[in-house]
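Okay, so subunit A shows up in both of these, paired with subunit B first and subunit C after.
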Partner chain A sequence: MVTLFGMFLLTLLLITAIGIVREKNLFAAVMLAGIFSLQMAAIFFILDAADVALTEAAVGAGIATVLLLSALALTSSREADTRRPTPVAITIAVVTSALIIYATFDIPHLGDPTAPVHTHVAPWYLSRTPDLIDIPNVVTAILASFRGYDTLGELFVILTAGIGVRFILDNGGGTGGRSGPGADTAPRRPRADSGGLRHHLVPRVVGRLLVPFIVLFGLYVQFHGDFGPGGGFQAGALITAGVVLFALVAGEAAALRAVPFRLLTLLTAGGALLYLSVGIAGLLLGGNFLDYSVLRPDPVAGQHLGIFLVELGVGLTVTGVLLTIFHTFAAREQPR
Partner chain B sequence: MSLVLDIASGLLLAGGSVFVLTGGIGALRLPDFYTRVHAAGLTDTLGTLLILAGVILQAGLSLATVKLLAIMAFLLLTAPTAAYALANAARLGGLAPERSASSGPED
Partner chain C sequence: MAVFGLYNYWMFVALLMIGIYTIMSRPNLIKKLIGMSIFQSAVFLLYISMDKVEGGTAPILKPGATDQIYSNPLPQVLILTAIVVGIATLALGLALVVRIRESYGTIEENEIRELERQ
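Then we have the complex of A and B:
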């Protein structure tokens, strides 16, 4: 049955991918990319990778679509006419595809217990998590504790992306300068027709109704990550989705009043700093960098505390960066 | 009792599937944007809600039921709103509904 579902979803995935490549209207292409991510999430889910599925659905289908749409608002919605593919390009594409297809013959079968991925460190993680960390979700244990270095790196990739977008798109410190109280609202008023969905009573009411529940669900995903699928990355994306929805229905100025830009900067930097300081606290207490066992007298309680703080740091930075990118795009749109 | 539950959930699942199928056919075959949105809205609301109700009967009283009920409440709010927003955006964008001469006795 799983094989059947998998074949069905992969076929849909292929059709969607071809659609994305062939579509000239970029709005339609972005929507198709969102559908692609959702199908990917479904495939991850039937492969029992619930954490990855949640991330893909929240980030790929949700936030990435919103960010791409707001980027499209700054550019044209039609794809420029591309050059015809040259023979060299076609040859490279064909050879690469052939190599990839040839490489798939070496992929072990799904669920094969002798596959390298199941014989390397995974059994150790699975068998040692109950007595070393004692949380039900092994994915969170690996992500936040065993491989805390990798997650720290990922977090700084996201932080760098946020800083980069602000540096590139911020027109002469305009957004930063407007972060003072009251300064947010004044320049945005003239956009009466597009500041929020003024013509759309029903989406406005329903959207406002949903925002608190989305944010609440984000917090649930954040703090339930030890027990079920979830964690900082997904929670950050969900909370961002809630605030972006609020910005869409109530206007950007209202969203910036609720979550000011200065707060976003604080969140972005504070999350990464929190993660780093947990690592350094481990050093100061006599352990290794990012060793949470020394944080409390009981090593398992220390691991719980460390994972909680680290995931909180991830959630704060992801929320801060994603909202910063969204608001920077939206502020860029202003002059038109 | 379980037989009754099975039959009821089977009926709900079948009913939901019929609505999803009708919605799919409608989205492909109906003449203009507004009628197609109407068909797609059918899939989103009645189809999914009936299927979820059928799944709830299968799940019994557990945490899964509560989550499914939450999803139902969420869909009940969002799906009609999405259909409405699509149609309203098309209307504000100036898309006129298609009218054929034989649509009504007086036209």
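Then we have the complex of A and C:
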């Protein structure tokens, strides 16, 4: 039954994807992309990936849609009608898909317990997590501790992307002239009428009611990530979604008063710094880089402390970067 | 049951090709970025399909349950971080598109090429 439901959802996903490609109105295409992400999250959930489903729902259906819409507001929401034939693209797509489908006949079927991916290191993680780290969520254990080095790298990719967006969009349209340590780093003041939903009563009231609960849920996901699905990445996306909703119903300026831009810069840098300093603390206490066992006399308690701090660092940086990106896009003036 | 077992992978192929076809055939830069997101999602689907174990559940250990089967947590960790990195790169791409629009007045690739030639 679940298999059939999964197949139904996958077919729906394919139809949505075809709809996105065929849609000439980019506004509608972005909305379809949000639905696509939500369906994807449901499929991830059916495939036992609760953490990934939570992330996809918050990031794909929430933040990505908002970012794409703000980019559309700054460019144009209509795709030029160029129905030119693209034989090369079609040929490449057909030949490649034929080759990959031919290759799929040799791979293990969905759910096969003897597949190579399930017989290599995965059983070790599942069997050793209880005595080495002693938290129920194995995904968090691998993310923050066993493979903490990889996660540090991913966090710095996100940090770099956030800095990149500010460099590209935040210099006053190429006029430059902002240099020196004392320069004002906040984006230009948003226009007074930039709050899209402010003039509609129902979204304003309901949105304001929802914001605290979304942020509270984000905090729950952050600090309960060791025991249930959750962690810094999901929490960062959820808290960002809450603040973005607040910006939409109360206006850009009110959101910047509640969470000032300076604070966002601090969050962005501070989170990455926290992660890095936990790693260096391990070195100073005589262990390896990002080895949390030496943080406390009891290795398991050390792991708990390390994972808590590292996840906090991830949550702070993800919140900071995503909100910085949102505000940078929103502060950009509409082109004439 | 052979069809059931491979259906996820076939859908992965279809989505991958829809994504790459969009990137190659559409001149609109935002459409290209949406195509890139579909391509990315297809790869996520491939990884998450591989993590499933028949009769398993999400890899959150239940104390005392010794015979419980858990799905593979490793692909989930990879994709979890990849999703957030994906949104960060999407934002970077969109920022570039906004700047291109401000410089050229269009986000259609062929029109930009036309302007460059002049």
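Basically, the second predicted complex is superposed on the first by the 303 of 336 C-alpha atoms of A that agree within 3 Å, B and C clash if a C-alpha of one lies under 4 Å from a C-alpha of the other, contacts with A are read in each partner's own complex, and residues count from 1 in each chain.
Just so it is clear, a contact is a pair of C-beta atoms (placed from the backbone, for glycine too) under 8 Å apart; a residue touches a chain by one contact, two chains touch by 3 or more.
Note that the coordinates shown come from a computational prediction; the quantities given were computed from them, not determined experimentally.
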Task: When subunit B and subunit C are modelled together on subunit A, clash or fit - done: fit
Open item on the list: Quick one: is A:327 in contact with subunit B, with subunit C, with both, or with neither? Answer first, second, both or neither.
Closed with: neither
Open item on the list: One more residue to check, A:26. First (subunit B), second (subunit C), both or neither?
Closed with: second
Open item on the list: If we overlay the two complexes on their shared chain A, which of subunit B and subunit C does A:200 touch? Say first, second, both or neither.
Closed with: first
Task: Computed vertex angle (subunit A) for partners subunit B and subunit C, CA, steps of 10° - done: 90
TODO: Quick one: classify A:68 as touching subunit B (first), subunit C (second), both or neither.
DONE: second
Open item on the list: Looking only at contacts as defined up top, I'd like to know whether subunit B or subunit C touches more of subunit A.
Closed with: C
TODO: In the overlaid three-chain picture, find the nearest pair of C-alpha atoms across subunit B and subunit C and give that distance in Å.
DONE: 16
Task: Contact residues common to both interfaces of subunit A (with subunit B and with subunit C) - done: none
Open item on the list: Touching residues of subunit A toward subunit B in the complex: what are they?
Closed with: 199-200, 202-203, 206-207, 209-210, 213
TODO: Sort out for me which residues of subunit A touch subunit C in the complex.
DONE: 3, 6-7, 10-11, 13-14, 17-18, 20-21, 26, 29-30, 33, 36-37, 40, 43-44, 47-52, 55-56, 59-60, 63-64, 67-68, 71-72, 74-76, 79-80, 82, 86, 88-90, 92-94, 96-97, 100-101, 104-105, 107, 109-113, 115, 117-118, 121-122, 125-126, 129-130, 136-139, 142-143, 147, 150-151, 154, 157-158, 161-162, 164-165, 168-169, 173-174, 227-229, 231, 233, 236-237, 318, 321-322, 325, 328-329, 332, 335
Open item on the list: List the residues on subunit B that touch subunit A in their complex, please.
Closed with: 74, 77-78, 81, 84-85, 88-89, 92
Task: Residue numbers on subunit C that touch subunit A, as the complex places them - done: 1-2, 4-11, 13-22, 24-28, 30-31, 33-35, 37-38, 41, 44-45, 48-63, 69-77, 79-92, 94-99, 101-103, 105, 107-108, 110-111
